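Note that chain A is present in both complexes that follow, paired respectively with chain B and with chain C.
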Partner chain A sequence: MMPDTGFLLDVRGLKVHFPIEKGIVVKRTVGHVRAVDGVDFHIARGEALGLVGESGCGKSTTAMAVARLQSITAGKVLFEGRDLAALAPRELRAARKDFQVVFQDPYSSLDPRQKAADIIAEPLRIFAKSGLLTMSDTEIRGKAASLMDRCGLASSFAGRYPHEFSGGQRQRIGIARALALGPKLVIADEPVSALDVSIQSQILNLLKDLQKDLDLTFLFIAHDLAVIEYFCTRIAVMYLGRIVETTDAASLYRKPLHPYTKALLSAVPLPDPVKERGRRRIILKGDVPSPSVVRKGCPFRERCSEAMERCALEAPALAAVEAGHEVSCFLYQGA
Partner chain B sequence: MSKSRLAKNSIAMTGVVIVALYLLSIAVSFFWLPFDPVAMDVEHLLEAPSLATGHLFGTDEFGRDILARIMKGSTISLVISLCATALGSVVGVLMGIWAGYLGGRWDHWIMRVADVLFSFPSLLLAIFVMAILGEKTFNVVFAIGIVYIPQFARISRGAILTIKSSEFVRAARSNGAGSSFILFRHLLPNILVPLIVQVSLSLSVAILLESSLSFLGLGVQPPAPSWGNMLSGARKVMVLAPWTAIYPGLAISFLVLGFNLLGDGLRDILDPRLRNVR
Partner chain C sequence: MSAESILRVEGLRTEFHTESGLVKAVNDISFELARGETLGLVGESGCGKSVTNLSILRLVQSPPGKIAGGKVLFEALDGSRRDLLAVSEEEVRVLRGKNISMIFQDPLTSLNPVLRVGVQIAEAIQLHHGLRKREARAKSIEMMRLIGMPDPERRVDDYPHQFSGGMRQRVMIAMALSCKPDILIADEPTTALDVTIQAQILDLIKSLSARDATAVIMITHDLGVVAGMCDSICVMYAGRIVEKATVDDLFHDPLHPYTKGLLASIPRVDAAASAEGSQRLYSIPGAPPSLVGMSDCCPFHPRCESAMGICRSRLPPETVHAGKGPRSVSCWLHAKEGR
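After this line comes the complex of A and B, so read on.
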């Protein structure tokens, strides 16, 4: 038994590697894509942690690994002190009611052959069938109806199929489904990035209301910094399968420390034209290195304007610079 | 909704009408046949079709009424075709969806077995199976069913592969759903469209395969009538009495046409990309 850390979710040294296979008849593994390569973070109850980073940095893989929809190569995912990575399949199924996922694509996340009410009721039905939940079918239907209402869907929509809904409505169905089992943690994998900007704010407001009313904790994945700033209390910045900086939302925007975070923030246009004129963009050179190559040193060093000799020799660890603000960069760590 | 789309599609409707006519004739054949289909009549050998004698399609070399034999034979042909397609589709689909869903080693071995079966021409494979099992009517079902297994396995595997990585499958897993639940409640309903089309086309090919086997003397055994063995008997007397070959041949052609039209029409009707095209 792991000691209870007091956090709802505590992820330690999480690694997800995908094997690269070669050969048609006889398959052999020639290497690994290190999509997530040693990620540590924790989320306190009631908090909304935002995970940002560019495409391919491993943020969605992290989310899927935490949701145990992706096999984990190494590391621990402690949920209320219990390691989800070490649970037996049956225990894991029962544990799933505490952490649910809102998916990115509202089009492919709903079964096109199921009616809206059935989609929302499905988690309840599965749990009732396997004896993990005692609820009659009438109760389940009632619960589905109240979830639809809670997520802003008219009750007349219950019998409709997904293709009859707009993207925003579909995402509401996805959110209602995720809430059906009364989870403690909601893992939102870019829940608004597939939606129009006007719809995005509606969905974000819905999620915010739900968080307040239902006392939810969020792991919120996004690449849109404005979305993250609006929704999250704390932010973790990911680069090449690793977390490079984590802090509370306000101080990240006020005082970004890691050179990558600085570059990321400098790319956001400012609404004020006077400030916008003064905005200095930090243009990163080169591309993200391949995650399949084993590397020594800091993963960001080739693209970093502040890179030192030391960066090529050893990888900096995530260390606290001030209370609640952790950075993995030698600029802020004494020798 | 799908009913009106069927009615609007004239190709599919033609197919439905043709198949319905055959079903009607089968239903009638249970209560009434113009003559006894197996009774020989040496006084009326190879008689041309005529209203006067009552032999509307003529008689064969044993004096048996051809219309009665076609009607009786349609039951056998259709039952074999339905059972063989049912056998092939159920086994093939189960193999295909598990192969596609599980992937890896399972997929590899299941599909290699299907490939071996697939590498034989269908008639040759059917003859091979009949030669092993012996010439019984039930074995025809088996022979044709085995021919169909790899076809259904391939189609269902391919369809599963395209949708199994959808987020709704992940969503079901995150809700605690097990593999068979996902497979039968989420994946199978979503691949039904290509399967339904394949079933209707397979029904017609089964009719042809059964006729071919019976024609070669491996299928339905005389004196029981089947369209194939009727053609086989007609081969020797075809020049003298062409009606002995023409009518069973037409019976086969029309039913095959009916199933093909139905299959084509269903493909158009069920294709979601064409769904809203008026």
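After this line comes the complex of A and C, so read on.
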């Protein structure tokens, strides 16, 4: 067994590769999509770590791998010192109580044929049925009702079906369901990106309150840097299956180091016309390269304005530049 | 109609007959677009911003949709003025693509998957200017170079699926601008794109519209995009325009409670660097109303913290206000008469 590092979640060398198969009768693997290609991060108790990046960078795959909803190619996912990747199915099921997921799409992540209260109570019923939890049906119903109340859903909504709710209310149901088993870690995969601005802030505030009141730890995935910065205490920026920079939320905007982080920040539109006019944008050339090509060197080098000879030869590793600020770029690593 | 104005929408109403009742998706909307101006139409989903623009081009599907009233006055360069809602279908077809063109949110579904992009880019210009095949191809290549497509001579023969999302949106822009239109309507052009690609596309729209003095109507839910792109803004809520102002006035001195709430509820990436750093976000209570059977009261009153008695019974009039530029607001708090 690994020594307990004191972190609630400690991910080491996580890789998730998807095989590319060819052939109809006889399938052969012709390559791999390296969705997550060696990711290390950790989350301390009570912290909210934000994983940010553009589509296809592997942030959701990382989240699903941590939640064990996606099989892991290599690496360790240490939850309270226990490797989730190595657990037997039975043990894993019991362990799931401690980490729950809030999904992006509140439309497709709720069973359309179950009532709201039943959706929220389902995790409890499953655990009670398999003997992992001793709770009577009345207790379960009471718990579901209090969860609804906690998440801002009126008790009169208990008997309604998902289609009778708005997007924001549906997301509240999803959050109540994730909280049913009293998890320590909540993995939120783009929980507000399908919502309108005025609803988005309601949900963000709800999640913030819940985090404070219930002592939750968050792994928060989003593509919106402003949302991440608002919600999270620490941020990890991903690019092409790797983490390129991690730092605390307050200093990300003030002092980005990696050229990709800089470009990403400069591309985020600011709701302030004066600042917008005075801004110099770093416009990145081209698109994100394909994650199925095996590459030598830094994954960002083709789009980087500061690429050096060395960047084509070897890939930089994530290294601390100062306390709590890690970056994987040769600009900050002495030769 | 003022001298430099190119498009004026007056009292536009678009309705949809649905099973649950009559939906007034666009409810008495008026605004004016000046030549070369970039106007932002901002609002949350279902506020009617897209339907407004489909109505301008008479692209609302009927049934169930119906343009129930209003005028869309388009003034061509030669000074001739036409109401797009009154002219024949033939005439509108001539205008579409040539004088007014549109880019949509999702470039993959708006491009024809079985036609080479070069053919699609040239289609409008072939139709409107009667170019031959070879000339059209050359024009396509020229447009693709203009939008920053690498290796256009080769890529002109590719199909839409061979392009990335950002490149597809560039193709859409090339298509829309091939005839040098007077007005470009961009309906959430970057919503489906990543933020670094969004920056590329907005940059492109900005520089190309400045080059040809094209007026742009930018439809978006993203206030950040508006701040960087637009000269003036119309904020829409529940089928109505609630506030019109120049971009500086709107962001620095919003008048309507909805605009205020909206601006206060967006997280800002530069917040941590400023004093109000870890402040809690404001959130507008409740959710946008259903547009079925809306009565003539202020549509925002159930969510408004400053709602008064009159807000529940009467529609607030549009009141002109002083500002850096022309501005108006539809709210009883700012109304000068009838309180």
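Note that the second predicted complex is superposed on the first by the 333 of 335 C-alpha atoms of A that agree within 3 Å, B and C clash if a C-alpha of one lies under 4 Å from a C-alpha of the other, contacts with A are read in each partner's own complex, and residues count from 1 in each chain.
Simple rule for what comes next: a residue touches a chain if its C-beta (ideal position, glycine included) is under 8 Å from a C-beta of that chain, and two chains touch if they have at least 3 such contacts.
Computed from a predicted structure; not experimentally measured.
S.K.: Report for A:202: first if it touches chain B alone, second if chain C alone, otherwise both or neither.
M.R.: In the superposition, A:202 touches chain C alone.
S.K.: Regarding the shared-chain residue A:127, is it in contact with chain B (first), chain C (second), both, or neither?
M.R.: first
S.K.: Between chain C and chain B, which one touches more residues of chain A when both complexes sit on the common chain A?
M.R.: C
S.K.: One more residue to check, A:156. First (chain B), second (chain C), both or neither?
M.R.: A:156 contacts neither chain B nor chain C.
S.K.: Go through the superposed model and pick first if A:101 touches only chain B, second if only chain C, both, or neither.
M.R.: Only chain B; A:101 stays clear of chain C.
S.K.: With the two complexes superposed on chain A, say which partner A:270 touches: chain B (first), chain C (second), both, or neither.
M.R.: So A:270 only meets chain C here.
S.K.: Contact-wise, after the overlay, does A:138 reach chain B, chain C, both or neither (first, second, both, neither)?
M.R.: neither
S.K.: Mind working out whether A:250 is in touch with chain B, chain C, both or neither, as first, second, both or neither?
M.R.: second
S.K.: Would you pull the chain A residues touching chain C in the complex into a rising list?
M.R.: It is residues 54-55, 166, 168-169, 196-202, 204-205, 208, 223-227, 229-231, 249-254, 263-277, 279, 281, 283-284, 287-288 of chain A that touch chain C.
S.K.: Please name which positions on chain A make contact with chain B in the complex.
M.R.: Listed in rising order, the residues are 64, 67-69, 93-94, 96-97, 100-101, 103-105, 108-114, 122-123, 126-127, 130, 132, 174, 177, 180-181.
S.K.: Hey, which residues of chain C end up touching chain A in the complex?
M.R.: These residues of chain C touch chain A: 44-45, 164, 166-167, 194-200, 202-203, 221-228, 247-248, 251-252, 261-263, 265-273, 277, 280-285, 287-288.
S.K.: Given the complex with chain A, which residues does chain B contribute to the contact?
M.R.: It comes out as residues 166-168, 170-178, 181, 186, 189-190.
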